[in-house]
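Take a look at the structure below.
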Amino acid sequence: MIAAEQPHLLLPQGEPQAGGRRSGRPQYLEVRNLRVVFDGFTAVDGVNLDVTQGDLRFLIGPNGAGKTTIIDAMTGLVPATGSVNHTGIEILGRKVHQIAKLGVGRTFQTASVFENLSVLQNLDIAAGARRRPLELLRRGRGTDPAVDEALEIIGLERLASKQAGTLAHGQKQWLEIGMLLVQNSELLLLDEPIAGMSQDERAQTGELLRRIGANRITLVIEHDMDFVREYATSVTVLAAGKVLSEGSVAQVQADPRVQEVYLGTTPAKGH
Amino acid sequence: MELLIGQMFAGLSLGSVLLLAALGLSLTFGQMGVINMAHGEFIMAGAYTAFVVQQTLGSAGASLLVSLPAAFLVGGTMGLILEELLLKRMYHRPLDTLLVTFGVSLILQQVARDIFGAPSVDVRVPAWLQGNVELLGAPIPLTRLFILALALTCLAALALLLKATPLGRRIRAVVVNRDLAESSGISSRRTDQLTFFVGSGLAGIAGVAVTLIGSTSPYLGPNYIVDAFLVVVAGGIGQIKGAAIAAFALGVLQSVFEFSTTASIGKVLILAAIVIFLQVRPQGIFTLKTRSLA
Amino acid sequence: AVLAGCGSQIADPAAAGQPSGGTDSCVDTSGDSIKIGFLNSLSGTMAISETTVFDSLTLAAEEINADGGVLGKQLEVISEDGASEPTKFAERAGKLIQQDCTAAVFGGWTSSSRKAMLPVFESNNALLFYPVQYEGLESSENIFYTGATTNQQIIPALDYLAEQGTKTIFLVGSDYVFPRTANKIINAYAEAHGMEIVGEEYTPLGSTEFSTIVNKVRDSGADAVFNTLNGDSNVAFFRQYTSVGLTPDTMPVVSVSIAEEEVPGIGLENIEGQLTAWDYYQTLDTPANTAFVSAFKDKYGADRVTSDPMEAAYTSLYLWKEMVEKAGSFDVDKVQDAADGVSFEAPEGTVTVNGENNHITKTPRIGKITSDGLIETVWEAPEAVEPDPYLENYDWASGLS
Amino acid sequence: MSTDTVRSTTGGFAARLSSVRQSRAGVLAGFAAAAVLLLVAAPALLPVFSLGLFGKFLCFAIVAVGIGLAWGRGGMLTLGQGVFFGLGAYIMAMHMKLADAALFGGSGVPDFMALYGTGTVPGWWEPFRSPVVTVLAVVLVPGLVALVLGLAIFKRRVKGAYFAILSQALAAAFAVLLIGQQATTGGSNGLSGFRSFFGFDLADPANKRMLYLLTAVVLLLVVAAARQLMHSRFGELLVAVRDQEERVRFLGYDPATVKTVVYVLAAVMAGVAGALFVPLVGIISPADVGVTPSIAFLIGVAIGGRSTVLGPVLGALGVAIAQTSLASSFPSFWVYFQGLLFVLVIGFLPGGLASLPAVLGRLRRKRNDDGGAARESGPPTSAPPVPPAVPPAPAVSAVASPLATVPAAKELRP
Amino acid sequence: MLEIKDLKAGYGRTEVLHGVSVTVPDDAVASVLGHNGAGKSTLLRAVVGIIKPTAGSILFNGEDIAGLRPHQRVARGLAYVPQGQQSFGPLTTLENLRLVADGRKRGKALVDEALDMFPALKPLLARRAGLLSGGQRQQLAIARALITEPTLLILDEPTEGIQPNVVAEIEQTIMNLASRSGMRVLLVEQHIGFALRAADTYYVLAAGRVSSSGRGGASAAETVRTAMLI
């Protein structure tokens, strides 16, 4: 669909790999002693996390372990203590929109798009946060090439002018990923991005993550272990607000504590 | 001293009137999200109910007691009709309900004028509420005491209804998610109707109360509506106890401001106080936290 | 085109703003009828009061027509709604003058409606008859004031209180021009007459919360209260006044804006025995009044009452008739010239137009609210009082204007 | 605009995104026609009195354009535009009072101050002696007040019904404040009795015509600006903020800024309208700025179609004309009529008259499949509140496109 | 038990289901599979009554329920767990459960039984549902549905967002209920494994039509995969 002469803006070459790709000076995410307390209940309890550019890090753990809360804290939605360092910049304590401007993008566990705008307009707005004020006042004439490309990548070209509110659950999730792409986020925080997708759609999404993750810092929350096995380059297991285990997929799967609290003693094979 | 006590009581008493006017709103606005500008006219309907009952029964004492349930029914029924004819199709556009019900309030004022005439009518205060008791030398009007007691009773009844009864749970559930409530086996229509009936019925009761201290005229509603909404907003939407605290706080504050400045400046100061307060607590005294965008 | 549209700049301030040749009257006097305008609030908060004025104006017009009209021409009434908004009054006045070409306009109630209309009548050189007691300090060539000015209502009321031995007064009023100006005058009067004003409080129009004010009043221990509250606030005020145990005996209230039609709404038990100050009451025993009251009740029902503004409005139409017939013309300038000295046997007694200030002579009366809900005269001026809108004849008032 | 995008499946995204362009010529033609009507035909045909009246209606239309932006597009139900209208109007009125006093009075003190006040001009009036300061203040004061209020309110995420009620209370307080300061604001009388406008004699019909033309030009400019804004990326952003304010933050925008910008714009429009209103009508009083007039501003907007460009203008004019012609002949009927308008239009035609063709079309289609009863409780929560707007018939689309709607806001429940 | 015939339904002008027929026999569990946007959720919404079908019939125990409102269908034995972990946010976990238990004879006992089935909810009873994690909310939603003692349980992707060992438990719970209490299940599920293990009958939905159907069981997996690839 993309014309050959069009450069790929959003998709880098190469694949993510464990520990990240360390060519040049890589970007990184460094979380130190992150703590979130709600009315006396500690949801995130001193979490440390290191993710490097090019790594596809999965965050797994029991329901209520605090995974979403970590993302909430990193994007400024809930107050937290500790430190979250994105390639040298402390992002904790800033406002939501400032954090987004620093290149941190996220999706939501319940897909959330602008229901009254078309798919195309959703992407156009996502692409526009960095536009100068005057540019905002002009009509959205010629679309961003990045928007065109994102539309193609997420496979919604045919629905470009459809109202986003009428998309199916999974389509909205793709749209959200597309919005992250055009937003040019360097740090992607994805909360269960494949929930509600069919097997082959999961595979497509996985491939997509692999492609876009190669030059980004990517943190994915997911419960589908088949998917984790297939696409994770490294995994962090969270339980009761603390990091329980960290390593490659094989390593954490073999960890008896992970089996006990999360996988089940007899890991369900491909449920 | 005498004056101080008088003023303290004036504040409480003003608060109790505000609370009565706002209680129903904290149901229909706070729980259901309907911004019912005709609530003031439901109060007016309650006041005229007291008038009609008094004309029919003659005795002011008995008629006051009959008026309370009667006005509850009248206000409630008007609310039901409004809900059925208009609001039921508007639950997903709360701001629009404000304008629609503003239209309804215009119509109801004119209807009242056409039925009862423009001048205010006389609802007599029963003999047992005339006069006052002395508290350390300050006269405490019996009518005001009655209204205070009435407001507290309604408050307790409503709080109990919401917190401790199945209907209360339903009311709170339906407003969050009608489809989910329906498919959980709850008749959202029935619940909406009941909620609106009770909320509007409370306006009727407030109407009876205000006949004891003010005028009963077609233009009674607008006197209360803005203040009543402010109470609900300052209290935190959907928060009965917030509304109660806000009502009494505003009542006392207003009587302090009014005492130390003038009634007009007092009104402006009250508003300034609310705006400043919302800077500190944008969602009112009590808020329900919810997570992220869920 | 836009530049060409520019009109005159003001070079000579003295000449500007005066009706120029361009605003020639368009009043049509050729037929056997003549148009007049009634401009009252038929909707909005003031409709309560102003519809009663409209009713009595209508009665007067019918009577005049039945009696052969004015200069032989039948009155053709064009009625407009001021909707209780000053802006609306200004706009509708413009319509009645410029579009309907009426020979005179009758109506207005609040001071703000009058102030809004004044420039319209002046710049079009048209006539307004304004029938309500007001705060004075005004006189316009183009307005005839048939309600009381302050020296025909407020000052007599103060004189009466002084005569009763009142030393301290508490002032309560609605927050608008009439009460505030009236109270300024009262303050000056008090100072000159050794009375003390122990409190002065205003509430927004329509306010129904009087706990604080009533507490202050009671605490002040004043000899009397001077009440310039308007409309429904009176109901709330008197209910709350009695509920803290204040009575006409302990602390009488003199009201200047409560007329016969307001008494039932306040509730007799709350106001019986309190005082009012007006120039007319329904209970007046004059032949003209007997005729007026019975004509009014015949037309509108036996349960209706008549009041001072209604009487002043009724009178205003007759006064205009007298002026026109004296001038022999509907022309505004000629009517103005003829106005001085025109008199009419009004229900309140004989009234005479003062051509100096376009007000009329009136007889101040203090009334007491009786057990049948009407107002009986307890004191009246020995003779009609000349209007003195600027209080020029009162030394103590010299600082006021 | 999303409406006509639906059909063009070819032609690249650019064309789709700015599909409104296709009707550009039509829009220009329409604009020109409106200009001729307002600037040439009306002054030629209407007598001076009616022209002045019409000028006043145009002032309401200017306010309406701002409300259309703030409410229709931005979802901010502002029940307090009377405040900004009043600020503009009072500033202009103060200047005219001072100018008149200097020209005619000699003393330089406005007449009412001598009557009710101290007989001296208070300090805060003084700046408005200057025509330049006045003109600037008419724009800046409402804008600044809106800026401060907007930041205070929106930064703290006060929105939806909270905002509506707060703005209404502001209007009430503003009126009470004006009434209370009789010595310096004229109290309930307001300010009136003006004779000159920047040195032009107000009694001269030629000057009245000029004032009217000025108002008409301002309206045309305001409409053009609003249209540009709505069709810009900012316009889309505004809709996004309206529908899902929280989500917008995560894209790196601060919704409070977006909302404040529009709120300020609407306030400036109201202020300018107020300033034009005063010389046209000859009076400004608290009764023109309180709760009731503020809500009255909304009715035309709702009737015309709140989220369109022209809807608010036509609605405001239509209501004003209807009121003038009906209210005086049938005062109590008018109250019913006005109430019913609110009820019927907002209850049953939330898109206003602009959406009438689409709604009728939908009704026609619906007639065949009218059965069952299951959907009484409204659309599923995930659905947009108003069914997606229907593309107008091709023949109409060029003409109707300025009225094309973005479906009404999905207002977040408080 | 449930017989859906030639059902057409959609949103506004867009038709999503173009004549779908699906049957849940009296003694069986039926699974519906299909891609994103195929119309699975739409089908369930029509069965529950949240949207109104434009054509076709829905027979439940022989009665056409197409004209009934959702709560009336629930009263006849339907229960529904929608997609997306929905719950009543401002109500506490316990209130969420009591809400559906209200007015039932065994209300109190039913709440206890549900809590035994989802022990993870026990420490959360006083927390408002809006504050729960996604997986916690989903368990709450299923518990709520079970309290109505349905004869037909309708589940829209019930294991979405739930940790693996709990998924296994839920799967077990549902299958136990189906076999022991005679409750029937209509299941929309993306995990082909679970969907087929549980199902006696399966349907594949593609673009609003049934593209294939047959007997469930692990052996059907290959057929279904191929059917879904087209």
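By written order: A, B, C, D and E. Residues from 1 in each chain.
We adopt the following convention: a residue touches a chain if its C-beta (ideal position, glycine included) is under 8 Å from a C-beta of that chain, and two chains touch if they have at least 3 such contacts.
Everything numeric here is computed off the predicted structure, so don't read it as measured data.
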Check: interface with higher C-beta contact count, B-E vs B-C, is B-C
Averaging each chain's C-alpha atoms to get its centre, pick out the one most distant from chain B. A
Farthest from chain E in C-alpha centre terms, which chain would that be? C
Centre-of-Cα separation between chain D and chain B, whole angstrom: 32
Between chain A and chain E, centroid-to-centroid distance (C-alpha), Å: 29
Take the average of all CA coordinates in chain A, do the same for chain C, and state the distance between these two points in whole angstrom. 75
Between chain A and chain B, tell me the centre distance in angstrom, where each centre is the average of that chain's C-alpha atoms. 48
Residues of chain B that contact two or more other chains, please. 113, 177, 179-180, 182, 188-189, 222, 238, 262, 264, 267, 291-294
Please set out, as single numbers or ranges, the residues of chain E touching at least two other chains. 11, 49-50, 69-70, 131
Specify, in ascending order, the residues of chain A that touch 2 or more different other chains. 68, 109-110, 112, 166
Spell out the residues on chain C that touch chain D in their complex, using ranges where they run on. 1-2, 5-10, 13, 16-20, 22-23, 42-43, 47, 79-81, 83-87, 90-92, 94-95, 98-99, 110-112, 115-116, 118-120, 123, 137, 175-177, 180-181, 184, 202, 204-205, 401
Within the complex, which stretch of chain C touches chain B? 45, 47-48, 51, 175, 201-204, 206-209, 211-213, 215-216, 218-219, 232, 234-236, 239-240, 242-245, 261-262, 264-269
Hey, which residues of chain B end up touching chain E in the complex? 166, 169-170, 172-173, 176-177, 179-189, 238, 288-291, 294
Where on chain D does chain A make contact in their complex? 2, 5-6, 8-9, 12-14, 16-18, 20-21, 228-229, 231-234, 236-237, 239-240, 243-244, 247-255, 382-384, 388, 406-407, 409-410
In the complex, the residues of chain E that touch chain A are 11, 14, 33-38, 41, 83-85, 120, 131-136, 138-139, 157, 159-168, 171, 190-194, 225, 228-229
